[in-house]
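Each of the next two complexes has chain A plus one more chain, namely chain B in the first and chain C in the second.
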Partner chain A sequence: MSHLNVKVAAIEQVTEYVKHFTLVSENGEKLPSFSGGSHVVLALNIKGRIHRNPYSLMSSPLNTENYGVSVRKQELSRGGSVFMHEQIEVGSRFQITYPVNLFSLSKLSHKNILIAGGIGITPFLSQIVDLNRTQTDYELHYAYRSPEHGAFREEIQEMCGDRSHFYVASDGQLIDFNDLLSEQPLGTHVYVCGPEPMVNAMIAAARELGWPEKHIHNEQFTAPQIGESFKVKLAISNIELEVPTDMSMLEAIEEAGVDAPFLCRGGACGRCELEVVACDGSIIHHDNYLTDAEKNSGKKIMPCVSRAKCQNIVVNL
Partner chain B sequence: MSQTFKKETFRDDYTFSNSAEAIKRFPFPFPEDEYMYSVNIEPHVKTAVGSVTEFVIDVDEHYVAECEDKKITLERDPDRYLSLPHMMDAQWDTLELIMDSMSHDYPDLFKLTKDGDNWTWINKPLGITNTFVFGDASSLPMDPLKYIGCQAQGDWVVLDQRDNNLFADAAIVTSQADWSLAIDVGMSYQEWHGPVPIANEIGVFDRALKYLLNLQLGSPVRRLNWTMTINPRLDTSPESYPLWGPDRLSITPENVGDKVHLRVELQTLFRLPRSNGIVFGIRGYLISMNELVTNPFWAKRFHRILKGLHPELAEYKGLSFKDVTVDWLSKYDDGTPSQ
Partner chain C sequence: MERQYWIRSKPVYTSLLWHEKATAHLVIAEGDGGMAVLKLLQQKYPTQVVRGFYAKSSDSLKNYADIISSLIPDEFTVFANANDALKSLKNSLAEYHMGTRFYVAGSEAFIWQVAKELYDFGVQDDDIEKELCGTLARSVYCVHCKAITHNVHHNIVNCTGCQRKLFVRDHFSRRLGAYMGLMVDAEQPGDIPTINEVYP
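Entry: the complex of A and B
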């Protein structure tokens, strides 16, 4: 997998919990072009252990002199966002993956409804640039907790004009999905990124109204969660290892020196899928990739975010 | 690098041939004595100096003649270039990829100057110079994919990614192994692979699609595929079938060495940056049986491949001349292990 070496050129405190980082390539060259909705995975060395966290690119795809990512501080996380907020400074260096897009705009859409909740606004900022450039019809609906949490509001107003709509929860403003989705022209696609309950509510409303499945898009990155430790046997490499409570299964496999495939590390892309040969307990699936049937079969696991509640699990790697 | 380009034809009098150097670098595709479909995808990384994968895009001694043949095919059948309206970003991505690679790897032959969006492209072998605005199709004499596709060997299919699938929504195709762009344009991955026997049943296509949907920017991949062609002909399309189909019946023990060609496709796949599409390059290499047997190892192995080929594959590839070719090759196979 190809990587880019970057350094932090600027940091801006956007809201109480959100910091924006401007990344430039270490050698001063332009960074690769990308499509709206793409993300990169940052490799952060936290106390000698590499944490890899995905963040949406929110800078303009038309200007790749730098990349912009915004990070919301998650106090209850395993430390990636806290590390970004507290340890990363201007001049800090790390590796990122090439941009990957798991949330791309449909090129066949006639109209696009973009729905953002909180920090879920980030992928839409690059998408808006693409939509403006291709002169495609869209509306942006951005909901956040209270006025001081409305990150990038001015920027968005400037980019979208009257296509943007803001909903401030503390003022009692909420997006009525049923209202929003019930009278849209044929060929409209809807995209949602935000907290899980919001994503689920939007998808449920769209389905209820009979929207075609292919016109409903969402992006949800799951962070690896803390859990009980368990033992893994890699059948092909013939290695046994232990996944500690604060490490993901994928990280533990990498720590053991095994080159496992991965891409998004957020349970969305499917690249790290492993076949489960045996498990003397149950798999706790946290990903958004496997179908319910696949999850229930117990034959597959996405080690980037999922864990097992067992003594031993054997996978084909 | 200095490259001389051969004057030769891929139709009518068929003067095409390979130099000793070109034979040496021919991408012989068989790692074993038997052949079956597999997900034989590997990273498209640079290999040894002089090999066909030394660079991202290979420019060889046939470059000028192939581009001239392409022009004839396109003039006779303009539908060999087709693009659906939503593919313009992907077209520009493809143009950039090809121009960047060729000018970087063959600086004596191609030159690209970028001044913001104002680009100048110089193609010395074909005598082409154009200044244009990147992203503005009206600044080029034709659509970007057609423009650059006419200046790169092989065929280029541009895929749109949506609904967890890939769609062949734009292409320039003038040297295809008997498939029709006019029929396949807009088709999904499963649809255009529909006619291929066996591969689907053994799960090759499902696995390859899953892999390709996650193809990463900056990490292109490649695979080799093969078929056989009578005469060194590039345009073996269904549209021109009357011009080449009957040749399959003309093979005798006397002309196998001259007329029967192994045709190897170096297939490359690149994720495209702005469009999130994929460009699929299909670059064909032809070698006559006479040329092939100058390498005793290839002669022996190809004899065994062809002899043991699954009948459904032979049928699908249209190898009605297989038996006479196997007989002809048998004199180069002494039965000893091939490696």
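Entry: the complex of A and C
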């Protein structure tokens, strides 16, 4: 997969936990254009290991001079976001993938309801530019914990005017999904990005009201989780390797020199799916891609986020 | 008819079934589509609002309008023809919200006329339940002169626009509500395969 070499042109502390990074291409050339809702995967060299984390592009899709990504510091994670917050400086260089969009706006929509929770606001910032440009009807509903965590509120108010609605949990303001979705005109599409319980509650409310699946869109990137180490055998490459506690299976496969397919690295897109030939324990699925039946079958694994609780697992790669 | 392979654009029609999760139900039927409506009424009736549009057609086998009206007079409005029903449907769609379920039954031409009205309100083809009733007659789009010939029952038809003899394919345009028709004797003028009634 081809990569873009970028360097950090500016860093802004947006809230206590959120930093915004402006990325420009290393050689000063323009970056590829993209559509609202796209993300890139950052390859970060942390203590000699390459971590690859997906982040939504939140800059304007019309701007190819630089890309903007925002990172929320996740203390209980494997360190990618902490590294971004504590180690990355103006001038730092790393590689990113070309933009990929797994959260695109439906071209058939007549109205769009955008629902963001916390840092889940980021994909909507690029989508709003597209919606304003195409003069498509929309509403943005942005929920966050407390006033000091309302990242980008002023920019959003400026971009969206009275289309934006803010919900501050510490003031007791919550989004009532049933209320929000029950009287929307035909042709409305709803998009949600945020914490898992919020995403699930929104999807459940829409389904209960009879919204067709094609009108319900969500993006949930799962970060790879820390877990017990286990051994993997790649049946086709005939390689055996160990997945350490703080590395994802996909990262361990890459470290072993195998060019495994991937796209989102967040358990959303399905590109990295591997067939499980044998496993002497159980698979711990963390992705949002496989169906429950597929997960229960134990025949498939998404190595970007999922792990195994076993001694040995054999996959067809 | 194509064999050995499957044209993905060819629509597949099923039997109408009420959706359990819904805010309202809109049933739109024409002619023999009345039978599909009667089959719907034999299922557990929804708790949500039901509204129906039924268009009479001289082609239909039975007078379904009277039967439907005797069963659920308040919910269904009967129209003299498809155009009146479509006009009334179009004028009422703005009142409906997301969560409204759509059920359409009748000839293929009628089904896709309704789908077009719904599409203008952002309702996608996939969101509409469709039951084909009464006839397999096709509308055929001439790829040469772009005219559409309606009510085609045979595998080969004379184009009403350019008089070419068109072979009726399974390739279907949802936007036009018509199958693709190609000149059948372009390479060997006058060499016309046997013409059969295949879409009764």
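Methods note: the second predicted complex is superposed on the first by the 317 of 317 C-alpha atoms of A that agree within 3 Å, B and C clash if a C-alpha of one lies under 4 Å from a C-alpha of the other, contacts with A are read in each partner's own complex, and residues count from 1 in each chain.
What we mean here is this: a contact is a pair of C-beta atoms (placed from the backbone, for glycine too) under 8 Å apart; a residue touches a chain by one contact, two chains touch by 3 or more.
Remember, predicted model here, so these are calculated numbers, not experimental data.
By the touch criterion stated above, A:E89 is placed in contact with neither chain B nor chain C. Legend: residue contacts after superposition of the two complexes on their common chain; A:D162 is shown touching neither chain B nor chain C. By the touch criterion defined above, A:S2 reaches chain B but does not reach chain C. When the two complexes are overlaid on their common chain A, residue A:R207 makes contact with chain C while staying clear of chain B.
When the two complexes are overlaid on their common chain A, residue A:G270 makes contact with chain B while staying clear of chain C. By the touch criterion stated above, A:D292 is placed in contact with neither chain B nor chain C.
In the superposition on chain A, contact is made by A:G187 with chain C only, not with chain B. Of the two partner chains, both chain B and chain C are touched by A:L108.
In the superposition on chain A, chain A positions 108, 214 are in contact with chain B in one complex as well as with chain C in the other. If you check the complex, the residues on chain B that touch chain A are 86-87, 89, 93, 160-163, 210, 213-214, 216-219, 273-276.
Those residues of chain C lying in contact with chain A across their complex are 19, 21-23, 93-94, 96-101, 118, 121-124, 126-127.
Contact residues of chain A toward chain B in the complex are 1-2, 32-35, 38, 61, 97-101, 104, 106-108, 134, 214, 263, 269-271. Looking at the complex, you find that chain A touches chain C at residues 108-111, 181-188, 207-212, 214-215.
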